[in-house]
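Listed after this line are the structures, all set down as structure tokens.
Below are two complexes that have chain A in common, paired first with chain B and then with chain C.
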Partner chain A sequence: MAKIKVNGREVEAPDGANLLLFLNDTLGLNIPHYCFHPALEKVGSCRMCQVEFVMRRKDPDGKESVRRVLGVSCRETVRDGLEVETHGEAARRARKEAMEFLLVNHPLDCPICDKAGECRLQDYAYQTGQLEGRTIEPRRKEEKLVDLGEVILLDRERCILCTRCVRFFKHFEGRAQLGVVERGDRSHIAAFYDQPLTGNYQGNLADICPVGALTLKKFRFKQRSWDLTPVPSICPLCSRGCNIFVDVARHGVVRRIRPRLEPEVNGYFICDQGRLEFDDLNMVEERLRFARVRREGRLVERPMEEALAEAARLVREAGEGLLALASPFLTVEEGEAFLALTEKAGFKGFWSPPPTGLGDRHLRTDDPCPNRRGLEKAGLQAVHKEALAAAIPSASLVFLAGERILRLLPPEVLSLCAVKHVILLERVLGGLEGAVQVALPGASWAEKSGTFVNADGRKQRISPALRPPGEAAPDGRILEEIRRLVLLQGSGKEEEK
Partner chain B sequence: MSGKRPIYLLSRVDKPDSNKIETYLADGGYERARKVITSMEPAAVIEEVKASGLRGRGGAGFPTGLKWSFMPKEPAPGKPHFLAVNADESEPGTCKDRVLMERDPHLLLEGILISSFAIRASRAFIFIRGEYTFAARVLEEAIAEAEKKGFLGRKVFGTDYSLEVMVHRGAGAYICGEETGLMESLEGKRGHPRPKPPFPAGYGLWGYPTTVNNVETICNVPFIMEKGSDWFRSMGTEKSPGNVLFSVSGCVERPRVLERPLGTRVSELIEDCGGVWKGRKLKAFVPGGSSTGFLPAGMADLALDHDSVQKAGTMLGCGSLIVLDDHSSIVTAARILAEFYEDESCGQCSQCREGSGWVVKILRRIEEGRGRTGDLELLESLCEGAMGKTICPFPIAWGTPVLTALKNFRDEFEEAIRSGGAAAERETLEGAR
Partner chain C sequence: MSGYDQVPEAARPFLGPTPSGKPVPVKVLRKDRLDWKEKVALIEIFKGMGFTLREMFRPRFTIQFPEEPFPRHPSVKGRPVLAKNPDGSIRCVSCGLCEFVCPARAITIDPGETSDPIQREPRDFQIDMLRCILCGMCEEACPEEAILMSDELLMATDARPKALHHLEDLLVPVEKLQERIDYTKRMYRKWNRPQS
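For the complex of A and B:
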């Protein structure tokens, strides 16, 4: 620990720590900054984080001389004897000036900007800027709609040239794709040779851009940011278990998924699949809203209790003839409930899809199971195609449980199931209508709480961002309820005997 | 050149074939470098240059010997030292290095040899501005000649010392004359100045210890080694010894490059260039290149040495005197310089990128008669808001002309706002650009 002085107060700070991060995160001083990003190389070019450094020197005759120098705090590291004034007259004025320069040519189109509400330019303008502009000059005109590929749009008028995006590709991905072209006040961000951006991490640009210059195509004009409720959760698309926020609009629609800082797992970023592939969370038409039970050869909507009782009866009667297969999307708790329910089953486990080949050296892994280690720890075994295909023909009842199980199973396996009696706990019916005896409306990962264990064995919580529609319920609740009924029906039978 | 004043830098430039190694050798060329490299210790060279009081001729006037002494004593294994010669000469009004490079390239090379030896550099890069195609060719030919003679390359003068010299042509950006911008550009990147610290002597080109010196500075070195620091101190002033090249341009009868001792007065220089042209009167002058600002005619007896000019509130810069006659409009002149700097800002720092353009817009309005009350105060506060608050000193370069114009010729700006535009003839700095 080093002893430093901040605004006249002595504080202890970790030696070698970044001064700006220490001032903001530990002392809560809220020094504005644009070009600085903790995950990127520091350039110190936006000049927003200027503070006053106080240099004291003892003259040979013992008199102390004090010199105050303005400088950026983002490039300074904590060391013994450092003394800074963050909110003195000079520092405050320097930051205000920098802010004014940034706003001279900014279009101020906040009312139509997706970033409004979470824009640092907006925040600091209120915090440190003057409310009245001193410029009467016409603002610079730039292209407002530059297509940077499938994920991102660039608005050059809003850009404040902090170059975070340029450095993101250079330092995180290790492959520069964006650069600054021209110079002076004609400088602007451009993709090399105007080629579309590539790679699986483009979406992060929208997060690291401190203003509304780089926005997500998918989020464009969809929602004002203050109408979104961020729900902390875990991305289920691979075994990395990136920490995310699920941003939900008031009326229960997921609008956006973005990274949640977790240095141990994903840092500040997530991949584009995790960010963009959330449409099925908002699915309405295809969704099973109420339970269905086969009556006189036809699947009909019935109350949940009736369906649960029917499922319990089928499970109990099948005994060892039950083949129970869980989705890899089940949480640890649901895995335990599934195991308890299928105690007597002749064959059980969770479906283990083959590696996707989408893995890279950054975040994405090849394993599409978000909770492989958790389910294995709960006592469920990973089941592969051959074993499953061999077991299905001899089973009298197939129980498929969990989100995406129908989508994840290969067609060959599904066609084997199609000639069996099937209990389905899923969000959709998808393809097995002819075989399903009971269909129970389950929930997505965004509609339940529970634990996922990632590839490194780290336990992480997911939390519900949405309410399941109709009578649909989290899979764990349904599995526990069936088990209660199985036990109840079993004991009832005993009594009858 | 006047015969009475001792001159040395330009002593060879008017001779026929002055750029050829034969004529240079006939004038005793490379003997100084040979003596230094074969018989002296690098530390002793640095001490001699320190004792001479030579100050950098590139603009900042930093003591050269002191700069050299910041380099590590011995190159660490795998960490070569570099010398970068700043031949970008991008300040409007400056054309002195060009004369040296075109007419006496071997003087520069000999200076490079001694300087590189002093800082133990194994490579020297001459970063020459892109527009100087002829000078670049002359230098390349001179390097080839010197290499053939064994003065450059492996085992210089048969000693263990080796030096490779390369010419690197810039792509035409003012900011690449700033030492860290120069290094970035030399490395093949955008010419964006680096934050200091780290300083070049510790972390320079490609991260290796590097010294950046101006062409004229280096050309002084062979003479100091030949004639000694006492001789050098016999010229110029106590704190700014030696001769310096003044590039005089603008409204004078015969614009030219003059070699004069530091401390020469502005009025003398103007006289030596045939006086203000067309029999007109002096109105203002720029003492040391466009970034040093406008001083009024009343200050014409200003002595041009580092300290005197600093006392007058600006900098000697690179000794480029721009003369404005009484027909010129200071408003227009300030606008022209501001436009130059708007064009040349690298665009890295917020204040400079946006401020350099904002200042132009305001100056243009005033010039065109659309000025408003409060514009002058706004201009001042914009300059102050950017000067000294960015990575490199570029905002000082565009702020000083505006601030000095406002300080010394405020009534002219006020008149332009009142009466609708810059009244005087638009005959001003165009010639100097």
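For the complex of A and C:
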């Protein structure tokens, strides 16, 4: 620990820590900064984090002389004897002037800018309190809509040239794709040879851009940021288990998924699949809203209680003939409930899809199961295609449970199921209408709480961001209810209704 | 001392019998007899007839509402509407500030791009007039002078869906709203003067 002096007060700080991070995160001084990002190289180009360094020196004749120097705090490390003034007259004025220069050519786009509400430039402009510009020259006109590939749009007028995006590709991905071209007041951000951006991490540019220059195509003009409620959760698309926020709009629609800081798993970033593939959470029409039961050869919508009782009867009658297959999307708790329900089943396990081949050396893994370790620990076996194809013909009843199980199972397995009696616990009916005896409306990962265990064995909690539609309920609740009914029916105390 | 004694003298008759049971003597203060002029009453009748006769020859100021429009001051806050520019473009950029500030949550905006993809405009703009309380906060929040309180006061309908006003119902040429724009500009500048 080093002893430093901040605004005349002595504090202890970890030796070698970044001064700006220490001032902001530990002391809560809220010093503005644009070009600095904890995950990227420090360049000190925006000059917004200037503080005053106080240097004291004893002259040979014993007199003490004091020199005050302005400097950026983001490139300074904490060391013994450091003395800074963060909110003195000179530091404040330096920051205010830097801010004014950044705003000279910034367009007044806030009403139509997707970043408004979470924009650092907007926040600090209000903090410095100078709400009207002093320039009389017309603002610079630049290209407002530059297509940077499939994910990102660039607005050069809004850009403040902090070069976070340039450094992101250089240091995180290790492959530069963006650069600052030309010099002086003509410098601007451009992709090399105007090629579209590639790679699986482009979406992070929209997060690290401190202004609205780089925005997501998918989020463009969809929702104002202050209308979104962030719900902390875990990304279920691979076994990494990245920490995310699910941003939900007022009417219960997921509008955006963005990373949540977790240094041990994903740091500040997530991949583009996790960020952009959330459309099925907002599915409305295909969605199974009420339970369906086969009556006189036709699937009809029935109350949940009736469907649960019917499912329990089928499970109990099937006994050893039951083949129970869970989706890898089940949480640990649901896996345990599934195991308890199917203890008599002749064949049970969770479906283990083949590796996707989408893995890379950063975050994305090859395994598409978000909870493989958790389900294995709960006692469920991973089931592969050959074992499943061999077991289905001898089963009398197939129980498919969990989100996306129909989408993950290969078509040959589904066609084997199609000639059996099937109990389905899913969000959609897709493809098995002819075989399903009871269809129970399940919930997606964004509609339930529970635990996922990622590839490194780290337990992480998901929390509900949406409400399931109609009578749909989290899978765990349904599984436990069926088990209760199975036990009740087995003990002869059948409920009278 | 009982509670009775604390009541002022003049108010005691209203309390009913005294605690001792004796009624309080009541003294009537107003005049209870008519004099002869009042008894005849004819004078008052002729006075009234004269007033009626005079009024018959005065100009009429009754307005046949709702068929006949009546002049309204620009400070009247009627149905909120969206201004349409003379070239037919919509002023609203669907920034969502009115949606956010609306205390009754009456506004729902579906934003979209215009033909010029760097500008946005509402694809649909719904105001639920069953929810709207005509407070005018949307107008005050609007950075584009796009949503304005018009002077339309007839908002009753016979069916609930009709109370949900969509974009096409809300668009009004900006010339019709000019008076209100000038008024709000003047008044909001006065009320929302910077604090510094």
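Simple rule for what comes next: the second predicted complex is superposed on the first by the 491 of 497 C-alpha atoms of A that agree within 3 Å, B and C clash if a C-alpha of one lies under 4 Å from a C-alpha of the other, contacts with A are read in each partner's own complex, and residues count from 1 in each chain.
By definition in this document, a contact is a pair of C-beta atoms (placed from the backbone, for glycine too) under 8 Å apart; a residue touches a chain by one contact, two chains touch by 3 or more.
Everything numeric in this text was worked out from a predicted model, so none of it was measured.
Visitor: Which partner chains sit in contact with A:23 here, chain B, chain C, both or neither? Use first/second/both/neither.
Guide: Neither: A:23 stays clear of chain B and chain C.
Visitor: Could you tell me if A:91 is touching chain B, chain C, both of them or neither one (first, second, both, neither)?
Guide: After superposition on chain A, A:91 lies in contact with neither partner.
Visitor: State whether A:288 touches chain B only (first), chain C only (second), both chains, or neither.
Guide: Neither partner.
Visitor: After superposition on the shared chain, which partner residues are touched by A:112: those of chain B (first), chain C (second), both, or neither?
Guide: In the superposition, A:112 contacts chain C only.
Visitor: Output check: A:145 vs chain B and chain C. Expected answer is one of first, second, both, neither. What do you get?
Guide: second
Visitor: Looking at A:226, would you say it contacts chain B, chain C, both, or neither? Reply first, second, both or neither.
Guide: After superposition on chain A, A:226 lies in contact with chain C alone.
Visitor: On chain A, which partner's contacts cover more residues, chain B's or chain C's?
Guide: Of the two chains, more chain A residues are contacted by B.
Visitor: Going by the contact rule set out at the top, does A:182 touch chain B (first), chain C (second), both, or neither?
Guide: The answer is first: A:182 touches chain B but not chain C.
Visitor: For A:131 in the superposed arrangement: first (chain B), second (chain C), both or neither?
Guide: In the superposed model, A:131 contacts chain C only, not chain B.
Visitor: Indicate the residue numbers of chain A shared between its chain B interface and its chain C interface, in ascending order.
Guide: none
Visitor: Going by the contact rule at the top, pick out the chain A residues touching chain B in the complex.
Guide: 43-48, 50, 70, 72, 75, 94, 97-98, 100-102, 104-105, 134-138, 140, 160-161, 179-180, 182-187
Visitor: Enumerate the contact residues on chain C facing chain A in the complex.
Guide: 93-97, 99-100, 111-113, 117-120, 143-144, 194, 196
Visitor: Sort out for me which residues of chain B touch chain A in the complex.
Guide: 173, 175, 190, 195, 342-351, 353-358, 361-362, 365, 372, 378, 385-386, 388-391
Visitor: Which residues of chain A touch chain C in their complex?
Guide: Going through chain A, the ones touching chain C are 110-112, 116, 129, 131, 144-145, 155, 220-224, 226-227.
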